[in-house]
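You will see chain A twice below: alongside chain B first, and alongside chain C after that.
What follows is the complex of A and B.
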């Protein structure tokens, strides 16, 4: 008999005064003891809702509207709270995406273990500390962690602690809901290794929920693909990888590529020669629309932040970095979080001042600009933000959001300004323009919002666009569209692009030059293709290895 | 096309065309379309806000009580049987068919005074509450948004007003501005009542100012004033509405308190001055408890109704606080 049988399960969200949403529709699935199953889908596919329903953690307004969840012979869909509580030991456990924030900041790690042991009484008092150390050892943490507080641990360590806590009830089923999404790239890789080893050693059944098919294919034996609340494909990883049956799975798979490959192609993305390249580097021959004519020069720039707490060392975010962004060029700044790449963006846009060194844009000394002069800089240097959900004011229509920079920077008013706004919407591909102009942000999808953010950045006819992880918050299927928009802008309008990311694949497709940052220092720089194909620094190799590569796991030789 | 897809990079164009445009089409024809004109949109927003507040049972009770007081104040000349200043009746009469609540020591009709008293209380409540909210918004928002030495000065000022005990300050100012009438009372309430609101709005501003859309507005070349009042302010509407009702409640209480102490304009009829005169004529000793009770109850009910409305206002910004959505 299977460990978990989900039969015809439906979950519906019924918020008051709104139309109910059917998040999971008639899902059926069975899991065997000791299986490692991946559950994949884009945002809104119902994968997390299914995971929460299975562990009975779903809260109002979500409601299980039909079907059965049979765990080891009992239907848990209708257990009451106390039965459910006792069931949790030796039953099912869940590790959350924000698991690192699930720890109580004022209690030590030992207290967290103690609470669980006391609630279930399955570990005698004298052995509790010993048992906690054993559990921490399983997730590769030293015993010293026990007496620390959550605030003293890094994100990766806290996520490991929450995995150890989930393990402490000896569950037979563990649901991991995006356990590494909130973590840094390199840490992600290490935590996933731990999860894999743990599953192999302990033999529990694992369900890994992720939006990232690559991560799932690397770890799971079996993959379940969800789309719009329905399970569209269910099969062995190897089979999903080599012969995906459903078009949705095929689409997801097509967005994976190895940045180290000789030729990298993404569906819906076409590389264009930039205006500067077409002109053969000859300034006079450049088309008139070529916006950029000034270079950004960053010369021996450092940024030191004062120590966060008394007695600690000052933080050096950027350490002696120099580069030159030529007009019309595209350069990538890559590195893990904390490598100083966003700090560089802040200094280039005048939001922060460097501690030493100079930043110049044309004749403008960016590092000496006063607050009022920033406007001059922002007419030429604009920013595309990471999170399209927070970068638009929820209360303003698209038209208002775009009209403001048009009026501020170009001096157009009234009908002329509106004309320009519609033209901008056209440029970023939001047609029919009239309809999009009247919309509020919540009526747009993530990709559409990001296009509005890009349109706003273009409103002042800037020479330089600084894009800070512009696609990291978007679903894979929307990424290629936004990336090719950036590429088009660079090729057609001739703006320079400073592209900040930890995602080497997107860096490979949109940029010509790359700089790899580590602890605020440039460890490697050069042509993007050259650096990614033949990395010289160990850190670059590490970053490349952290990218999930299903091709590497399967087929050995067939890898691209 | 599924059988030859060993390498993901060479997969043919996927069958799912472009989910983005599909979603776009769906939302273009979606049911909730914003009104075209600004006026229409404001109306829609207000209507939705009222529906949210009304959906909360406590707030509904509050709105009904508040509505009754407002009607009572507006239609006082029609509702009241006599003029509130008409002292041609017998003194200290108990309740009767002619005078439901009896007459005062000066020979005025109590019911008429209670009805007319609503005018003063509501006027002071809404005007003083509104003014102190305006002061709180202007000071709180710029205090939260700006940095530098100006910030420290405002910080000092607000802290000063926060630590000063409100009632004694009010009494001193009121005694100093003797016989200023209602404007004086409103001024006193505003001076002593804005600081808390400013503090609350400031902390909310500080958390909103680090949001990307504020940074984006700066990149759009917006002036500081525009960033504060067009980008940040609309996102705090519910908090401002909440602080308005809070301020109005304390203004009503302050007005009654000052009038009761005899520091208001004794010529106007308000619930506070009614209690003051009742106290003066020792109404309790003569058995006329209704003279104290009726205006007292009205003050308490008005303050309660506004506090109840505030429960619903909380739900405007935070859907989790809307009641009845489960645990």
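What follows is the complex of A and C.
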């Protein structure tokens, strides 16, 4: 008998006064004891809703509208609260996406374990501390963590703690909902290793929910693909990797590529020759629309922040970095969080001043600009932000959002400004422009929002765009579109691009030059293809290794 | 511990600053109480130098350098010597304040604490049972009652419960015939007299606490640690109290500190309506009679009580939230 049998499960969201959404439609799935299954889909595919329904954590307005969830012979879809609560020990556990927020900030880690032991009474009082230490050891944390509060631990440590807490229930089924998405690249890799080792050692059934097919293919034996609330494909990882049957799976898979490969191609993305190159490399014959004519020169720049608390050391965010962003060029700044890449962006845009060194843009000394001169700089250097969901004011229409910078920077008014706004929307590919102009941010998808953010950055007709992780919040199917928009802007308008990311694949496709940052220092730089294909620094190799490589796992197999 | 000491140091510093401001501000104002009294007399006819000297002697025109005055003033403050009241001459200001303060602290202070505790508990219940009658009843009733102006509620209560029905006395802190002592009989009399003002304050402030707690707790209930606690099969009560409410109460503590600090100064209206002999009543008298020594002492009291209440809340924060202790 299967450990978990999901039969025709449907989950509906019924918000008061709104149209109900069928998030999961007649899903059927059975899991055997000890299986490691990946559940993949993009946002809105219903994968998390399914995960929450299976662990009976779905809350109003979500409701299980039909079907059965048989766990170990019992239909848990209709258990009452107390039966369900006691089932959670030795039953099904869940590790949430944002493990950093899954711990109560005002209770110590020891208390978290204590609460679970007390709720189920499965560990005698005298042994509780010992048991907690054993569990922490399983996720490779020292016992000193017990007396800490969540705020005193790093994101990766907190996610490990929540895995240990889930493990303390001695579950037979563990659902991991995007367990590493909120974590830093290298930490992600380490946490996933721990998850795999634990699953092998403890023998629980694992369900790994992720938007990242690469992560899933690397860990799971079997992959279930969801799209629009339906399970569209269910098969062994090897088979999904080598011969995906459903077009949606094929699409997801096509967006995976190894940044180290000789040729990297993304569907929907085409590399173009830049405006300058098309002009025959001859500087004088630039096309009329070559926007950029000034280089950004960063010269021996350092940024030291004062110590966060008294008695601690000052933080050196950027340490003696120099580079030159030529007009019309595209350069990537890569590194894990805390490597100083965003601080460099802040100094280039004049938001922060370097502690030492100089930043120049054309004749402007960016590091010495006063408030009023910053405006001059910002007419030419603009920023595209990471999170399109918070970069737009939800109360303003797209037209209003774009009209403000147009009026501020170009001095156009009224009908002329509107004309320019529509032209910007056209440039970023939001057509029909009139319709998009009237929309509010919540009526747009993530990719469309990011296009609006880019359009806003273009309002001043800038020479340089600084894009800070512009696609990391977007689904893979939308990424290529935004990336090719950036590519078009560079090729057709001649805008220079400083591309900040931890995602080496996207850096590979949109940039020519790359700088790898580690602890504020440049550890490696050069041509993007060269550096990623033949990394010389150990840290670059580490970053490359952290990228899930299903190809490597299945390389020994028939299809590769 | 280091956190508490640091906050204590800060308290001493702010107290000193408040006391000093209380010294400086009256001195920056043109004229003096003696000038004002003499000017008033001068409207009725010329003031002889002897009368002028007598007034100045009586009201105490300061002598010596400003520094000497400051030292004398600090010394007086430390010994709680605020001079003699004009209105209740020849009573000491300190005696008057000492006579009024307990009534305010006990009645208004206790009710403020009770309102906060009760409101928070009801708020927790409402958020936990969101969408049921346990949620809608207190939230609707709370917002309805707290929408009434303070004095209007007070007047309605005096009229109906005190005057029409005659259940409660409408003025005073205890019966005219009662002798203040520590007997149960006297205590009962005090509670009986405190009932109407207490009910008024409770009615008008309870709603705010209920709504505040309910809304913040609904937010914390949506937080991941609550979902995770449920996923781990913790008992409902543990999740509600230790996880959701423990975190939801933190922002409300600030409001509580402000309410507590406002007890001494904010009781003016209610004490006026119920002729309750507390600090508010005294302050009203001091202001209408231009009783400067009394006013100065009361203003200082109000400042000090706000500072103390804030200190208390900060210590409470330190106990409840490990993040602030660092």
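Following the convention adopted for this analysis, the second predicted complex is superposed on the first by the 553 of 560 C-alpha atoms of A that agree within 3 Å, B and C clash if a C-alpha of one lies under 4 Å from a C-alpha of the other, contacts with A are read in each partner's own complex, and residues count from 1 in each chain.
Just so it is clear, contacts are C-beta pairs under 8 Å (C-beta built on N, C-alpha and C of every residue); 3 or more make two chains touch, one makes a residue touch a chain.
Here the structure is a predicted model, which means the values were calculated and not measured.
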item	value
Which of chain B and chain C A:541 touches, first, second, both or neither	neither
Chain B versus chain C as contact partner of A:43, first or second or both or neither	neither
Partner chain in contact with A:375 - chain B first, chain C second, else both or neither	first
Which partner, chain B or chain C, touches more chain A residues	B
Which of chain B and chain C A:251 touches, first, second, both or neither	first
First, second, both or neither for A:149, with chain B first and chain C second	second
Touched partner set for A:162, first chain B, second chain C, both or neither	second
Contacts of A:477 with chain B and chain C, given as first, second, both or neither	first
Intersection of the chain A residues that touch chain B with those that touch chain C	59-60
Partner chain A, residues of chain B touching it in the complex	1-3, 5-11, 13-16, 18-20, 23-24, 27-28, 30, 32-34, 36, 51, 55, 211-213, 215-222, 231, 234-235, 319, 322, 324-327
Parts of chain C lying in touch with chain A, wherever the complex brings them together	131, 223-225, 227-236, 238, 242-243, 246-247, 250, 320-323, 326
Chain C-touching residues of chain A, taken from the complex the two chains share	55, 57, 59-60, 81, 85-89, 93-94, 96-98, 101-108, 115-116, 118-120, 149, 151, 162, 165-166, 168-169, 309
Of chain A, residues touching chain B in the complex	15-17, 59-61, 242-245, 247-248, 250-251, 253-258, 261, 263-265, 267-268, 349, 351, 374-375, 378-379, 382-383, 385-387, 390-397, 404-405, 408-409, 430, 432, 435, 438-440, 443-445, 447-448, 453, 456-457, 459-460, 475, 477-478, 481, 550-551, 555, 558, 560
